[in-house]
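Right, I'll just put the structure down here and ask away after.
Think of it as A, B, C, D and E in the order they're written, each chain with its own count starting at 1.
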Amino acid sequence: MSVILMSMLIGLGVALFGFTLQTTIGGINRKVVGRMQKRYGPKWYQEFLDIFKALSKRAISHGWIYDFGVIMAVGGITATAMFMPITDSLVAFAGYDNFFIFVYLLAVGMLGMAMSASGSGNPLASIGVMRALTQMLAYEVPFMVVVITIIKVSGTSSLTGIMEFQQANGWFALSLPIGFGVAFLSLLGMLGKKPFETYIAPSEIASGPMVEYGGKQLGLLFVMHEIATFIEVSLFVHLFLGGASNIIEFLAKYFIVYTVANLISNLNGRFKIDQVVVFFYKWPLALAVLQAIWVLWR
Amino acid sequence: MFSIELVVLSTLLAGVLAYIVSIKLPKLGSYLTILASLAVFSVLAYFGFNNNLDAEVNLIPQFVLFKTSMFGLYFAIIVSFIFFMVSFFNPYFIKDYKYPAAYNLFYLMALAGTIGVFFASNFITLFIFFEIVVWTSMFLIPLGKKRKPTVTYFVFSTVGSFAMLYAVMFTFSITGSFDLAAISVLSGKSALLVYILLAVAGFAKLGAYPFYVWLPKVLGKSPDPVSAVFSGGIEKLGAFIAFMAILRISPASIYLEAVGMYLQNYVIAIFGAITIVVGTLQAIRQDDAKKLLAYSSASNGGYILVAIAMSSSISLTGAMYHILAHALASTAAFLAIAVVHYRTKTTKISELGGMIHHMPLTYMVYLMAIISMAGIPPMGGFISKWLIFQAVINKQMIIVAVATFFGSIGSFLYVFRPLAALFLGQKLPKYKGVKEAPFLMMIPLIILTLGSFYIGVIPNQVIDFSNKVIAEFGFGPLLMNEFGIQGANGTLSAPIIASVFGLGVVVIAIIFFILPKSRKVGLMDTYTSGEFIYTEELLHYSADFYAPFERLYPAKPLISKVYAMIKEKVNELGRFFKYWFFTNKPEVTVLWIVLILTLLVWGDIL
Amino acid sequence: MNPVLLIAIPLLFAFLSIMNKKFARPLLLVALLLDVYLVFTISKGLYSIGGFSQYGINLLVDQYSLIGLMVVNVVFFLTVVTNCKEVKRLSTVLLVALAGVNGLLLTNDLFNLFVFLEIVGISAYLITSGNKRPLATFNYLVQGTVGSGLYLLGLILLYSMTGTLNMALILPTIVDKAIPLSNLALPFMLMFIGLGVEAKLLPFNSWVKGVLQNANALTSVLIAGVFATTIALTFGRLLSTVFVLGSISNIVLVILAVTMLAGEVAAFASKRIREVLLFSAIAQSGLIILLFANGLVIPAIMLIIANIVSKYILFTITGKMVDGTKTDEIESLQGVFSKNKLVGFAFTVASLSVIGLPLFFGFIVKLNILTSLFSQYQLFLSALILVVSLIEGTYFVKLLIKLWYSVGEVKTFKVDALVKVVTLIFALGLIVFGVYTKPLTDSLMTVPEEMMEAIAERGNF
Amino acid sequence: MENKKLTQAQMDTKWTELGDFFRRKSIWMLMYCTGCCAIELPQAMTSAYDMERLGMGPMATPRQADVLLITGYLSLKTLRRLVYTYEQMSEPKYVVAFGPCVINGGIYHDSHAVLNRLDHYLPIDVYISGCMPNPESVMNGFTDLMDLIKNKTAVGWKNYRDNNEWYKKNQMDALGEVFVHDEFHE
Amino acid sequence: MMNSMNNQALVSELENRFSLLNVDLVSESQVAIDISNNDVHTVLAYLKSLGWKQLSMLTNVDWIEEGKYQLVYIIFNWDNPIYIQVRTKIERENPVFRTVTSVYPGAKYYERDVHEFFGVKFEGNPDSEKQLFLENWDDLPPLRKDFDAKAYSDRKYAKREYTKDFSNKGGKK
């Protein structure tokens, strides 16, 4: 049992590390975007300030489901982060970091937030949740097809295993270029970055599910968003860029991936939700399936 | 020592007794159904586990022979458990049936029939009890809102059972015996024919692609306990027959090494995949919660088919596990919707809203049920879906994998629709007086939730049982170390995931409650971009919930048009014969006589 | 006791009843009782009357005819008892009919068979005249006479070829004289068509719709139940012991298969309850004759017994229902059973047995039919039977659901106690036989051997 | 330090001081442009003045926002919506008023539809002068607000909460009824 | 259709058809005609048949000295881009006029607006009396010349008292 407790603590550490890592990189990225627009951009720790400012404010609550949903969402996401390996050696639960845990525990976070957003009684929130779910249906399937190819090629579905495989014979980004592209698009969808920012659309549905959150619920949901981004980006790094053998390598790869995604998102407008679905079920899915057939059935 | 024959006979007897009792007082009759199903379940579970159920038959006159097998026991326990859980709802729904006495009788006869099917030792017994289940459950349907679905149900089930009968008779004509093992003796063309026919029988009962049209009609319109029993229990007959068909018969056919399966198994997997996709797409757009759950059980039937078709020890454990998890989850969901129907007299999502304020416990039950149905970690559904994914990836079936992923994410969409539009949202004034579910209804809901929670966190016991079942079909057991399940390419440890999830929630809850308390605010006090809105209906979003997604595909699936056309053709043929041959003119008969004679004379005979 | 009494007593009572109308009905009842008693006491064997062994009237009593007599007489008696009012006018005709029916079942002589066929036909015309449709009765008259005429022609041709009329001798003489099959085809075909008209086979049964569509309880049960069974039994005896269906077997099979299909499909498309039942009767008789044509005697007899019992229940209840509610449109009869549940129960049991669902006698019959068909490797035929019974199941279920569950207001009809009791007994009989059919199957085991054995003795008596 | 344990009140002040530090560094303004001075805000956000480096950014809903900008003249009907939105904002909230029209009605002082003194109805923390104040003065206004928060004098929301009846009375005098019920809002 | 007809031709066309009180060629694309009360409907119907399908604006001018209200109907023709102002004068005391919704259905809300701000009653338009923009207004219709907005503002809304007088009272240093 003590091993389990030990790895639980490491897991919490990983989650905390993920949160701080993503918040700093988020802050740095806001500065980078600022520089891109020829302005100074906020301080690098601005994200921390925003979150702690939100936590310090006095919030309102629309009933027990409104609070329980937030707790379940953030709890689920932190649980997922606890399984995430940082480098091939630094992982909380060795051997149990299965790919499907991440996909489905992320769904718990989504369900918790969706539940409390609908529970808040605001129609804008329900519309936002509906769009988030439909978008999830869109970007998830091509991503999963690409991941099958990876799992089948590397023979194991645990992330550390895939990392070792890539370190042994080359990154998947190079050996499966099409999959890399499709997965990057799905990553944009997962992060909810601009081209696929249908569910936070501030001008259309007043920041979608977040419409009724203020104070500590809002702060906690920001924490959840940061940790979810950490999970998704590090998942992408481990699957395609050969994970990391030491921390610095992980930080570098993580920063590059997130910044590229962020820059792309800052250049784009926003799709309508059914355009997003049609988009993902046209080219990305076709390419992913073709690649899978080519790689696996050859 | 408890004989199966005694169980079946006592259930039939209890049915007749319930009929007699409920002529005078129907409520007592329905309490009797609870006791009877409890007895059946406890006997099967107790005697089954320390396997001293004996199978010799001395009272039932002819044809009927039983045999105990772990395979039959697994199904029997699940189905009798579902019957027992649903029977708690009978007393509350009994008063709005036209023939309450008949309801209690047929309810218990259906239970007896299913037990008979699972323990049958030869095909004739299996067919007799299969048909008993068909016609008794058929008479349960018209007690609900509409009568027409009964005929649809009868047609599809009879297509299935007649296909099975033909297969049975065909094997009899070749091998000369009705025994269950007889079908594995067949080979070549005849094995293929029997395989197809048994698959048709499994498809019709399970509600798979070509024959799923009856499922939404019947489950949507029949009384609530009946639709719960259908989706949880009676559908499992189809899985039982699909298991037998796919695993016992090995017709000669090409082996596709790309997917590591025989051609006919791959075709079954493809049909299963189509069922998943069609079921999910249709479920997403349903406005009636019961129809939505009906389509979801069709899509889950597709999962079971895919898992069986892959026929490896992982996929079969996944199939067995999914049958159990789906039975618990979908029955809990149906019963939750039944509570809503019992209290508000409607299951239309667009008319309902804010049920959580009236019935929070039912809400929690429904939430746990959909977590399991969507395959989310702490609940049973996740493990079965994980096993099926392991097998799909291991067999590298790309198209079927796309369908399964689409199904699992899609299931997240359609289970969420009633949750958001029916339970959450504004507290509509027209449901002011609605109260929580009565106590007796609460018992099964809680037991089902705890059940699916238990199989989600500690899968060891269920996997041991299913290992024994698979061994009967000659497959190696699934490896289990004390924490993780050994999948094809990774291990999954359910208890660790559940405890980590719990830890995460606890940590965040502590943070949440340290921070200053938040101010309670009514639901109507929301951001309406400065506009003053006083009516709840305006602020409740429940009608056509996934409108942008629904615009992308047609409402009515093509297959139901095909069936309507067939029905029309039969009617036309009937009118043709009536017009030509049954007129009042005797000269028509004489004409036919002369024609036949000339045919005879003109023929080579004279 | 000599079986010829079975025919003599009804004829005698018929003449007596002509003398004074008042005693007609009691005489009928007495005759029926006597016949029922006689049936249970006569012993098997070959009886010739008046010493003319070769040409005279000779009656054959074996297991097959015993069962037939038992069933037919009992149902005849019950029909008369349950419809006492309508019987008053027809008692003499019914006496004659009773004689004709018994004669058909017993006779061993082809010409004798023609005579009884005529008697039964004439009494049938008179009975159907009761339901005030003169055109339909006339139509039935014309077709009946054409049919029996053809039978006579076939008989004469056969006599010219074989030289004998004794049914037991026909087959041995054909074998001795080695008559080529091709010239046997015409007489057998003619006789087949002749009987086919009475046995309601497809192209020759346009009279059935007219007669049964607006028949009251008595006529419908008599025509569709009693007479149909007798004709079927005689047809069966002919097909299994006399006919040699060499080259005409595929025409015959096509006619029978089409009859079955047409009956079911027409019933599926019809909207009135009596029409549904009469078409289903046609289909059932097609199936029976099909089984006989294939030489499956035991399943055929079991089907005949199941058929007569369920037809009795269905037609009696429908007759009473139509008399009570003055309409036979299914739409307007909705929910009619909600008021009288017992009758509804009997009707449901009968229809479920006709469909062939387990726990009922119909299921055992269907199982038996299919096993025997499959043992003969008749794959296509059994597939056809399954499809047909699927269609039959659909329209019966549709009918039942409509009769039990009403949408609009509900009509009611009164059924006197006797009918209720009788139909209930029959329904329970269907269930009991469905579950425990050992006694029946044992009694049927010996039938085929006895039929063959009669021929083997070359008719020397 | 004799009693190590801080009293509850001291704890609260500690919390608020820490909170003030964060609230000062990251202020979210509500995207609700009530009048003509709002046209100056985009300039404050773009690269010339870059409001974001002060930690300020636009937020869509009152629940999430901290500061309510009243930009320009305030008509009767807008005040009704404003009061409703102000009450939806989460505490501690601040109000920044742009231009003279808010102070004494400005050029619309004699109009039947425009209010002359906003602080009679809503507590104002910072006034920014200039009939359409240019972006520099807007930025100065925001930095003033930050200083106010720093030395804990931005207590408009406390006044509104404490003497709520006075504000409500004034609002009723001017508006007749704040939550209007008519043909369009039945 | 007589499209691309310049305004002189149009005016001459109208002159010989109706008795125009006054004509004013405002600009290349705008003409103003004054007509008496009772033939407003006929002129509007005629012009609509000519192609002036769109009623751009119905407003009212308050000539307080003459004690008259002047209703101005501005209509526009998409094929022949000329705005026509059809003006008519009605009594100022309890002003009443027939509705033109029969010709231009769109006038429904304009009449309601004119009623709210000027007090003109329009028979035949059922909901012209209802409130449109001003929320629970309790005084004279505000756009009438004799309505004193400043007095209303001082009465209803609190004013800010200034101790020092900043006004320079007629330019005195």
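Definition applied: a contact is a pair of C-beta atoms (placed from the backbone, for glycine too) under 8 Å apart; a residue touches a chain by one contact, two chains touch by 3 or more.
Keep in mind that what you see is a predicted model, and the values were worked out from it rather than measured.
What are the mutual neighbours of chain A and chain B in this structure?
Expected: D.
What chains touch chain D and also chain E?
Touches both chain D and chain E: nothing.
In terms of touching chains, how many steps apart are chain C and chain E, taking the shortest path?
Each step joins two touching chains, and the minimum needed here is 3.
When all chain pairs are ranked by how many C-beta pairs they have in contact, which pair ranks first?
Greatest number of C-beta pairs in contact occurs for A-B.
Could you tell me which chain's Cα centre is nearest to the average position of every protein Cα atom shown?
Checking distances from each chain centre to the full centroid gives B.
Distance between chain A and chain D based on Cα centroids, please, to the nearest Å.
It comes to 35 Å between the two C-alpha centres.
Measuring from the mean C-alpha position of chain B to the mean C-alpha position of chain C, what distance in angstrom results?
Computed value for the inter-centroid distance: 45 Å.
From the mean C-alpha coordinate of chain C to that of chain D, what's the distance rounded to whole Å?
98
Using mean CA coordinates as chain centres, what's the gap between chain A and chain C in Å?
Centre separation, chain A to chain C: 78 Å.
Where does chain A touch two or more other chains at once, residue-wise?
In chain A, the residues touching two or more other chains are 58-60, 206, 211-212, 215.
Where does chain B touch two or more other chains at once, residue-wise?
Touching at least two other chains: 516, 527.
What is the complete set of touching chain pairs?
Chain-chain contacts present: A-B, A-D, B-C, B-D, D-E.
Which stretch or stretches of chain C touch chain B in the complex?
So the residues of chain C touching chain B come out as 135-136, 138-139, 142-143, 146, 150, 182-183, 185-186, 189-190, 193, 197, 202-210, 247-248, 251, 255, 262, 265-270, 338, 352, 357-359, 363, 367, 370-371, 374-375, 377, 379, 382-383, 386-387, 389-391, 393-394, 397-398, 401-402, 404-405, 435-438.
Given the complex with chain A, which residues does chain B contribute to the contact?
Listed in rising order, the residues are 258, 354, 356-357, 360, 363, 367, 371, 374-377, 382, 385-386, 389-390, 393, 396, 398-399, 401-402, 405-406, 409-410, 412-413, 416, 419-421, 424-427, 484, 487, 489-493, 496-497, 499-501, 503-509, 511-512, 515-516, 518-524, 526-527, 529, 539-541, 545-546, 548-549, 551-552.
What residues of chain D sit close enough to touch chain A in their complex?
Against chain A, the touching part of chain D is residues 15, 18-19, 22-23, 25-26, 28, 31, 46-48, 50, 52-53, 55, 58-64, 66, 89-92.
Please output the residues of chain A touching chain B within their complex, sorted ascending.
Per the stated touch rule, the residues are 4, 8, 11-12, 15, 55, 58-65, 67, 70-72, 74-79, 82-83, 93, 95-96, 98-101, 104-105, 107-108, 110-111, 114-115, 118-124, 126-127, 129-131, 133-134, 136-137, 140-141, 144-145, 148, 151-152, 155-158, 161, 206, 211-212, 215-217, 220, 272-274, 277-278, 285, 289, 292-293, 296-297.
State the interface residues of chain E toward chain D in the complex, per the touch definition above.
Interface residues on chain E, with respect to chain D: 130-131, 134-136, 138-139, 142, 147, 149-150, 152-153, 156-160, 162.
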